[in-house]
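The letters A, B and C name the chains in turn, as written, and every chain counts its residues from 1.
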Amino acid sequence: MNTQETLLWINEQFSHTNELVQKTLEYEQKNIAYMYIKSLIDNEMLQKTIIKPFFEMANMEQFKLYVQALPQFEEVPAKEQVLLEIMNGSILLEIGNELCLIDLKLSKNDEVSSASVEMTIHGSQIALSDNLLTNLNLIRSYYRQPTLNIEYMSLGEVNQQKVAIVYDTEKVNTQALKLIKEKLQRVDKQVISAANQFNNYLNDKRFSLFPQMIMTEPPDRIIYNIAGGKVVILQDGSSQCLAAPVVFFDFMNTMEDDYHTVIISTFLRLLRYLGFFISLLLPSIYVGVTSYAPEVFRTELALTVAGSRMGVPFSSFVEVLFMLFFMELLLEASIRLPKAVSATATTVGGLILGTAVTEASLASNIMVIIVSAVAISTFVIPVNEMAFAIRIVRLLLIVITSIFGLAGLTLGFLVFILYLTSLDSYGEPYLRVYNYKKNKERSEGHL
Amino acid sequence: MQKIQSKLKLLFIFSILFFLSGCEEFKDVDKDVFVSMIGIDLSEDKDKPYKVILKLFVPTSSFKQNPEANYTYLVEKGETLSEAIRMLETHIDKELDFGHMKLIVIGEELINNNKTKEILDFLLRRPDIQLISWITVGRPNAEEIVKMVPAGETAAYPSLYNYFDGNGTESPYIVTTFLFDFRRRMMDNGLDPILPIVQVSENKTTFTVNKSFVLKDKKTPFELDSLSTLVFNTLSMNVQMADIEVNEENELFVARLDKIKAKNKVKVQKDNQVSLEIDAKLVGYIAESENALNMRDLPKYSQLLEKEAKDKITKFMKLLQSEGIDPIGFGLKYKAQTIHHKRMSTEKWKEAYKNADVKVKVSASLKSTGSIQ
Amino acid sequence: MSRYFYYFVLINMVANIIASVPSILLRHYNEGSVSAMVLATITGTLIITVYAKFFIQFPGMTLPDLLKKTTAKWFYVPLILIMTVVWFIAGMITLITFTFLLIRYLTPEMPIILISLSIILSVILGCLIKTDRVLYTVEIIMLITFPLIIYIFFKASTDANINWNFIKEATLFINQMPNLESFTSSFYLFLGVGNLFIFNRFFNIKQKFGWKQIISIFFITILTLFTTYFIPIGFHGTSEIESLVYPWLQTSDSLRMKYSLIERVLFVFLLFYLCIAFLSILIHWHVAVEYLKYLFTFEKIKVKDVNIGILIPPAIFTVISTYFVQALNESQLFRFSSIFYMILAGFFPCMILVFFYIKRRMKYAENTK
């Protein structure tokens, strides 16, 4: 296909828009033509790299060599590819009947933002930006290994998003990498707007409760994951990236665990697991004890519970569900609200509602304490997605406990663990006790 | 595999829905009423010999607003204990929950009438009655003890519990017998059951627990007075603290012992002649004295204490032997050190125990005369 | 040997502390239980050693694999079927015992079928997952529950109310001839090693089983038997100890945690032991289902493209065990388990003969290659 035909074809593609700019420059026997999309191009750069040299160069030959020497220079591939590149912010340049592409993309989103989801005290305070190249730059500059490999793909039939798969060729879990690539190839969605979506798109199961990939933003965690043999998926326009395969314990770790002294981080970990168990089990234990086995707790406590339930019109599990429901509403509401209002919402919801509910004896005092304890301990789980999953499991456990009592709660918890161990994350068992000292054992997947 | 799992989950959910319809056991805690203690008396009625008194906690919505203890009582007679309890259940709108019952009071008359076996059977057979509940004898009867609420009793924890739970008073005069301990003592022939006697004090405001009953086969129980109870507790190392009054050689002082160790030994000679050896170590200080004391004389005081303690223990042992009772468990000790086919028979042992010579060795050391000399 | 090996050996020991084993032992306290336990410890350690040594020669191979390779069809099909039944019953006995326990101590008003179904349904999911995942589950749950259970055992043996004279008295019955029933039931504690028949699939790296392992197994069993037998005696004496139906539960009810949120140890013990019982049933039934997979290809049975064949064995298990839960009473259960233990005490040593045969054939096969 010759140059003119390509140009015509591209022109045709953009015939519905007036964004496409076409210009021809002629000066002292030199002539070039170029086309680009106005809103994608950095005008200053265009002026500096193309237009100014064009007028300064002595002849066509020199200009051509100059263009070829530019770092943004790119040979012209197939015409579909050209179209894509133009939409990515390149300009198509015609020099003496030859075409070339020059990337002059204007990006306003390449500033590294500060961490907003994963708050830390000691860890890295910066997070990824929305720009893929900036992100890759960040990763590359923190992970200085020639083995770091980046593969690109563009996904999403309509919006053709650029996706990068980043991994360390030597350390990567090859089986998982293969699976992830296969699954990425199979994704056929119209629009892909954020990297987080892959958590669902790469999952074969329709209903799955626990995240199969971990979502993260601070670069220290990304580096840690790559070094640990994980595959990281980045997407243009998304300030979060995904790492896979994951195990359950990844969701209970924070990067800060490595930054504290051993005793402190052990204590913090202990605290976190305790919070995890409390948020999972406490409401169900309340239901089980008050409704099935009031003789379990010591006498003083049992009497306090029995006394505080006096006059409450609901049975205990309705009471628990009722209070938990309002707590969940409160949580959900405070995410959506603007920052200025959310504080008020929490005060109104938490303090006023809590007191009023006990005053009106719609719930017992102890129930209010339990619900707030549960709410607090849910926040202790470091990764948000896990906290969401736990909230759902908690509800299931309450239902089971109200049918089968404390024995049902124990069995329900065991089934929960059984379910977790039966899960896979890209070939890696989701929950098992690793011996981290024996890395070999881990990588081989068996003893 | 994954398809199967989702099918399985569906199956699971359906079965849960199925069970939900049959969920009738759900009973809230406010529909239960907790029994705090049970009293069992002998009634005047010949056909219905048992009289059961239950003390029930009355729940209050807040202990802060309502710190005073509040109980209801249920009393019923019956031919058997279960019958009485079944009748009691018709007296109250809520379900009786025995899971928190920590104290069993048996009337003195009932003990004297040898009904303990039947009572024990009832208490053990019910799985909801704690084996760690304390078992006591009520004097003059159980009803009076159960129904009495001493001044200053806090809600949710009857003050009678404090006598036995090792958290409140730790007086050396109190014998604590758990239900399971009572059972093993009843069953075994080398260790006799001992029960504390609970009385209402003279001014009717508190309880007095300082005597005990030793039960022995079909005979009427033998009562140990306060001093014997103290010696028993010392010898069986139930207590950490004890006071001993020493009155010898013109000295009159009270030794407070804070470390008590007692070892029992049974030695058997060839002709079935048994000697019981008691080796006690007492460590303490002087808590009270009539005369001024001298620090340098502490060894002398220790010797006086030794003598006094030896006297008391020997007297106590003589008492046990003459009555043929064995709450300390020399019989068990004997069984534990003699291989089974070489043991003498139970009757022979009893005879040998009565005639055994007792060797008491006490080593006391008083460490201080207190804050003053 | 890998740590996973100890798990199923240990689970079988610990799970039976609560079942009928201590009842049987205590019933014969003056008829040779102590000497039977000594004998069982020696033979039990021996059988564990033999089994482990046999299977480490064939890393990653299950017993049905080996049987299929070396023996004729008329031999291995009935054998595997028998083993399926044995493993199924082993799980079922634990199930029924625990159902009885729960109904007696925790939820007396609940219908018995509901309790047993709640246990069965939770176990069934585990029968179908992969073998390695079963082991991971076992490990996690043991990590959660074991510290507390060990604490209870420790607390029981150091409690002020345990009377060591009773224990000494009971130990002195050692000079009697071992009692068969006591021997077989204490021997049963060691048979957890039989799960290696299937779980050897997981050990696909050559393992070591030397003196260190034998000694540690030996000490674990001594500790287990001590807690099983002597601690209840220390709390309840020897006379009429047979009148206690569940000696260990009554022992745990004799413990008191003075300052804890839960004062009666019984409930903690019961709920944490439910986890152990769950693991025991899980392991046994998983092995049983795996045996069946060697005989039938369940994948072929399909309804509308959905593979329901794999659900058949658990369904059968459910039906049979719910029937027995209702049909048996406590004394029948004890007699039934006692007979079962006796049969196993014969069956497992006989398997060693099969091992010898397999080993010879495998060697022969190698040589001809």
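Things to note:
Criterion: a residue touches a chain if its C-beta (ideal position, glycine included) is under 8 Å from a C-beta of that chain, and two chains touch if they have at least 3 such contacts.
Only a predicted model underlies this, so the values are computations on that prediction, with no experimental measurement involved.
Averaging the CA coordinates per chain and comparing them to the mean over all protein CA atoms picks out C as nearest. Taking the mean of C-alpha positions as each chain's centre, the chain lying farthest from the centre of subunit B is A. Centre to centre, using the average C-alpha position, subunit B and subunit C are separated by 39 Å.
For the pair subunit A and subunit B, the distance between C-alpha centroids works out to 64 Å.
The centroid of the Cα atoms in subunit A and the matching centroid in subunit C are 45 Å apart.
Touching of two or more other chains is recorded for residues 292-293, 295, 299, 404-405, 422 of subunit A. In subunit B, the residues that touch at least two other chains are 5, 19, 25, 27, 128.
Within subunit C, contacts with two or more other chains are made by residues 107, 110, 114, 118, 125, 263-264. If you check the complex, the residues on subunit B that touch subunit C are 3-5, 7-8, 12, 15, 19, 22, 25, 27, 127-128, 130-132, 165-167, 178, 180-181, 183-185, 187-189, 191, 329, 332-333, 335-341.
Residues 30, 104-105, 107-111, 114, 117-118, 121, 124-125, 128, 161, 163-169, 172-173, 175, 235-240, 250, 253-256, 258, 263-264, 266, 306-308, 310-311 of subunit C are the ones that touch subunit B when the two sit in their complex. Residues 204-207, 289-295, 299-300, 302-312, 315-317, 399-400, 402-405, 422 of subunit A are the ones that touch subunit B when the two sit in their complex. Residue ranges on subunit A touching subunit C, taken from their complex, read 292-293, 295-299, 301, 404-408, 410-412, 414-415, 417-419, 421-422, 429, 431-433, 446-447. Residues 2, 5-6, 9, 16, 19-20, 23, 25-30, 32, 34, 36, 57, 59-63, 97, 99-100, 102, 128, 155-157 of subunit B touch subunit A in their complex.
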